[in-house]
Amino acid sequence: MSKAMEPDLQNPFGDVRAAVEGKEWRHPASHGLRGFVLDNRASLGTLAVFIVMMAVFMIANPTVFTTWYLYSSVLTTLPVALFVVVPLVFVVTCGEIDLSFPATMGFASWVFALVVQAGYDPFLGIAAAVLTGILLGFLVGSLVVYGGLSSLIATLGMNFLLRGLIQIINEGKSMALTGLANSPAYKIFSSQVYGVPVQIFWAIAFVVLSAMLYNRHRFGAQVKVVGDNPDSASQMGIDVKRVRVKVFVFVGIGAAIAGCFSVMINFTWWPTAGDGYLLPVLASVFVGGTPTWGGIGTVAGGAIGAVTVSFIQTGVVAAGLSGFYVQFFNGLIIILSLLGHKWNQARYR
Amino acid sequence: MSKAMEPDLQNPFGDVRAAVEGKEWRHPASHGLRGFVLDNRASLGTLAVFIVMMAVFMIANPTVFTTWYLYSSVLTTLPVALFVVVPLVFVVTCGEIDLSFPATMGFASWVFALVVQAGYDPFLGIAAAVLTGILLGFLVGSLVVYGGLSSLIATLGMNFLLRGLIQIINEGKSMALTGLANSPAYKIFSSQVYGVPVQIFWAIAFVVLSAMLYNRHRFGAQVKVVGDNPDSASQMGIDVKRVRVKVFVFVGIGAAIAGCFSVMINFTWWPTAGDGYLLPVLASVFVGGTPTWGGIGTVAGGAIGAVTVSFIQTGVVAAGLSGFYVQFFNGLIIILSLLGHKWNQARYR
Amino acid sequence: MAERIIELRDIKKSYGQVYALGGVDLSVDRGEVVGLIGDNGAGKSTLIKILSGVVRPTSGDILVRGRPVSGWSAARSRDAGIETVFQDRALAVQQTIVRNIFMGRELTGFMGWLKVNKEIEEASRLMREIGFTSKVFTPHSIVGQLSGGERQGVAIARAIYKQAELIILDEPTTALSLTETAKVFHFVRQVRASGRSILFIGHNIHHVFEIADRFVVLDRGKVALTTDRSAVKSAEDLIHFMEDIAHPGGLPGLREASAAEQGAR
Amino acid sequence: MAERIIELRDIKKSYGQVYALGGVDLSVDRGEVVGLIGDNGAGKSTLIKILSGVVRPTSGDILVRGRPVSGWSAARSRDAGIETVFQDRALAVQQTIVRNIFMGRELTGFMGWLKVNKEIEEASRLMREIGFTSKVFTPHSIVGQLSGGERQGVAIARAIYKQAELIILDEPTTALSLTETAKVFHFVRQVRASGRSILFIGHNIHHVFEIADRFVVLDRGKVALTTDRSAVKSAEDLIHFMEDIAHPGGLPGLREASAAEQGAR
Amino acid sequence: ATTALCAAVSTLPARALDAQWCKDVHIRFFVGGAEGDAFGTIVYNGAKQAAADLGPKVDYIFSGWDVEKMVQQLREAVAVKPNGIAMMGHPGDAAIMPLAEQAHKDGIKMMYQNVPVPTVTAAFGGGYVGAQQEQQGRALGAEAFKLAGLKSGDKAIMIGPFENESRGARERGTVAALKEAGIDVVQINSQTEWAADPNLAIPLITAALLNNPGVKAVGYPGGQMLGNVPTYMQAAGRKPGDIFNFGFDTSPQIVEAFKGGWVQLTADQQPFMQGYLPILSLCQQVVLGLSPMNVDTGAGFVTPQNYEIVSELAKQALR
């Protein structure tokens, strides 16, 4: 009997199959423009929002928006945000969230400042900061993952707790690192090249590497699967908890680098360092087109989201509106982006 | 054939059933103390956290904590938090979250302040504020529910947008309502009775009513079912979207009342009114034992959570620690509560 | 002829570009058991979701007791005496058995306050009726703590409450063991005996054949056959018919597999 | 005797106070199809989850090719050549078919970077093998867009990749139509013919009887019977046996229901 | 400016009393901003110095400038019945009044810092240490007008927390003074995040400068922004001296900015004294029965000519 059936296994629907004969499967991306658009519709949507927003601003005030300084000043601070937005895309894709990154930024950059102030090379400081970031990310991740806590609230708690520690020890004192400007580390990480702030190159490299990690690396593949269906992932032999902890560690690393870059911009560490990034960074991730339910996301979109959010304030002021309009536009852009992304984020179950 | 089977339907497992013969089902609560504990384990857990925390503070500084004034001063503003924490328990149970309540508080209390400043009766002001709260809740809810947006980010956006509107129109100016003290509304809502601030009675009434609404009313039953399994709920004829919008409206009402109480306590409306409540109120809900995934929750726990969070700062300072420790303890209490609730929040699928 | 409880006329439904139903007529009379069969994706679940008001048809008419209705919804469907046990059971697993039984139909008194004791009484009665007293759980047990068969029982208890006129069962025996399946059969016969109607959906054609008075075969969104039980000799006839419509040219593999299945009996 | 691929000895498993398994022995030899049957909640899924390393037993030994193993996990089970199609299919529905097929076993090159083209090629080959070319989807299609049967196909494709030694199928035909069921049967025979082993779980005893070389009946966490196919005359024998162990005293309703079922054939 | 500080220190009645003469006194001290806030930290250091010198037990309270929170904290402070409370005046007269009344009834001595609450002090007593906000702001405006050599019709930018009436009173004063001098003032509302990280304001200031190319002077609010001026100016492609940058407060960063020629003027409101003096005065009131102190700390301006005097103090977070 099984003999008689064998041909069917090879060709159980021979008749229907003929219709698609000769058609080989191709990656949608290889279908040219249409495939590219389909594959990247979330990030392209974000880009569209950004372009529309900039167009409105430009029409309001063409002269300012054709000045390079405007862009170069955004490019100075944007990298700091990018270094956290991108890892957060991983966290959100993994079905978690991390609100503790501001304190991690503060903590890691504190270590950096301490090392530099003690007279060591800033490179050593950066290494120490990244190590701190890894440790804190591991701590937060382990608490959430092995403690089985809701990451939204647990990381909020950790943010308070870590910031509290900084405050208790420092009693509010900031550190000025005026010597930093002459160090080679500063030249490499924070100077200008032909009027372009170098930090943006580092940030772009980070974004590109992360996007590849997200789309072309086992880590990204596993993050997506874990965020999509953790039960399946563990049934398929993926160590779900480890993957989850890893994304928190990744945020720790990103936050540490962000913290160091932030200190290098103006040679000062504040005990509040990082706090101001909580809401803009969060907003960037979601404005960028990563949905809240996990499993899918876009690194490029998140980066564009960060650019968009960075330009809101600047644009509002450059367009000649009073600063009171900034919050309003922040809200407006968030809502409009979410509405826009509704159309390209189908949620399957 | 069906004839022969009928007795079976009445008694298909006659043999096994004999074992439980005579045992009538009873509500667990009727099993006395054990049942009560089981039924209320989340809120009792919260209560335990609170008691332990207070015990620690009292040991650190017995004299301060035996002074009635300390409690009466906390009881003055606690109601403001309670009026938002309780509706938020409904929202979270319903599987959503609302971060726009601070702006709603600010907006509604602004309307209240305008009405009072224009010389009308404060009662009218409260009515107008509540109406504003309903409208804003409806607006936010409709945007989230009918727009199909993630409530976490959409309500964050709405918070920015509404606060931005307040700022744009007021340009930062606050309003002092010194005449308020002599109005009958003030007597009823904001004076003291035998040293107890009356607002706490209103808040307790609100909590009790809401707890009944949650546990003994169709609204609560539907909120829980919708948060648990929206697909089933709609298959069973529940208008899921309407229930969802309703919880946002409920938050709007709560926030409006909270805003009015806050203005009556301070005799001043600030354009930033409500902003400071975002994190403490959110923390209260989760410290109170309502999990993030929807379907279950506890109003009483949320209320106790609010009390706990209110006492952290007071307790830390009264215990003789510097204000730098407040954030640290905030984080610590959140993390410890989450860990504590882990044991009484089983998640079924 | 018995009273016609509900009738669907020329119902069409498309999801985007997917045509789930392309003009279906279906009716259920009082006291009959209609068996609805068809391949995966034939549109069975879509059809009964339209019946129960959960899904709105793209076009077509719905008649309740002969009168056309508009604004058909899940709530109205239940009001009209139609109860459904959905394929995915539609239970809120973190809630108690009581809350699930009265989902969307809470027993309320003054201003929407729940009649808690009444609900418990009724739930107890229902559970006893479908043979649930033997277990250690009470109406306050959380549904998430029950086994698959027990959950199916809760869904059925919900459906028989209120003496519905028509009960729709979408693959109620899927993933149930023999014992549990027997229980469901019990119940179906019981309902028919009490003069109510049932619409029974199943992949196991033997099951459906055993229980139904009339068969409706759906094929790719269309009714391929409507026939009385008396017109069909055996379940095998039905199976053959379905194979034929599925693969008009005949698919040897399938035929053999099904022959093997039959042979084994 | 053929090589013994895997053996479980005296496996016990309890979830809190629920004893899912109370000392089970089970073994699978090369090239045989073992049918695992039992009532709902008998512990079948728990047992195969232990086999596939997803659930850790409370006590008992696992032997792979005669050698006891420790630290048994899902990853190690897959490394040992055991692939499982779980009852709930274990698919990540928002990911592409490729990502699902290679879930937890990504084809990676230098430093964990994915070999994307290799994966696509392999996925295409697998899908063609199980007859999936007829549809409009590609390896990049999102699994959430597929029908139930098609999703089952992806799960099976994942299992046959890498020429696993033992493939475990937990109720693979549940909620599948005749056509789709026939496809799964195809596949099982194909695998057996190629000398690999299968552990097949199902409620439809006729199906299991048809396909298995050996039967293991689980009853409330214990093995009630292990028998070769040659020792059993017909599926009815098995059904009777199962009824007897389920209700030693005999349950008239059940017997009738099952008699009715048989009668209809 | 420095003379004011010395004067204050010399008023210590140290001769007549033991060290730690105030050690049985319990004081609640409102630092005002958030923990780690640049301004708040100097205030905190002043208060801590006073506590170390005089010996009282001091509870420090932070509010992040959230006025609602401040009122509640004051309520709790009154409830604890310390001997004295040093409160920030930001919530304003109306909000503080009932609590001041309660404190008065309970015999709690009150001091207010940073923002004056004249109605409250008139009704229930209490002293004030801090600049007369509005006046100081106006003075800064006038000084900037003079030193920057502005003419009527010139353009200037003023940044400040205008969203908060009492916190922004100084900056509003500066705006008013400049406007009265005929300057066209562009107001920019500072965002709360800038308090935590002034870098976040870089693009915005660049945008504002580009949008108003003719701007001659830029004024910054109290806090950390003025210290960040070199970064702002570099980002906008401006050189030291291109623009007249002025503002409030001092810090090591601001001293550096003076050194580099980026900043030309700051109105020192001597936050250190806003920490030190209220404690001193409360001790005097409680222990010695003296009447409350009223000190205008907004005495002087720091300019490129005299910044070196404050530089060492600034490094120790004393100015």
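We call the chains A, B, C, D and E, going by the order they appear; numbering starts again at 1 in every chain.
We take it that contacts are C-beta pairs under 8 Å (C-beta built on N, C-alpha and C of every residue); 3 or more make two chains touch, one makes a residue touch a chain.
Computed from a prediction, not measured in an experiment: that's the story for all the values here.
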From chain D, what is the lowest number of touch steps before chain E is reached?
2
Two candidates, A-E and B-E; the one with more touching C-beta pairs is A-E
Please compute the C-alpha centroid of chain B, do the same for chain C, then give the distance between them in whole Å.
41
Return the distance between the CA-based centres of chain B and chain D, expressed in whole Å.
48
Show the residues in chain D shared as contacts by 2 or more other chains, in ascending order.
186, 251, 253, 257, 260
Contacts with 2+ other chains: residues of chain B
1, 5, 8-9, 12, 167, 171-172, 322, 324, 326-327
Could you pull out the residues of chain E that touch at least 2 other chains?
35, 162-163, 189
Can you tell me which positions in chain B touch chain E when the two form their complex?
64, 67, 69-70, 72-74, 76-77, 167, 171-174, 176-178, 181, 262, 265-268, 270-277, 313-314, 317-318, 320, 322-324, 326-327
Enumerate the contact residues on chain A facing chain B in the complex.
143, 147-150, 152-154, 156-165, 167-168, 171-172, 279, 282-283, 286, 291-293, 322, 324-335, 338-339, 342
Looking at the complex, which residues from chain B come into contact with chain C?
1-2, 5-6, 8-13, 16-17, 19-20, 24-28, 212, 216-219, 221-222, 224-225, 228-229, 231-239, 295-296, 346-349
Along chain D, where are the residues that touch chain C in the complex?
38-42, 87, 147-149, 171, 174-182, 185-186, 203-207, 209-210, 234-236, 239, 242-243, 246-247, 251, 253-254, 257-258, 260-262, 264-265
Within their complex, chain E touches chain A through residues 34-38, 40-41, 44, 162-163, 187-200, 202-208, 210-211, 224, 227-228, 230-231, 235-237, 251-253, 256, 315, 317
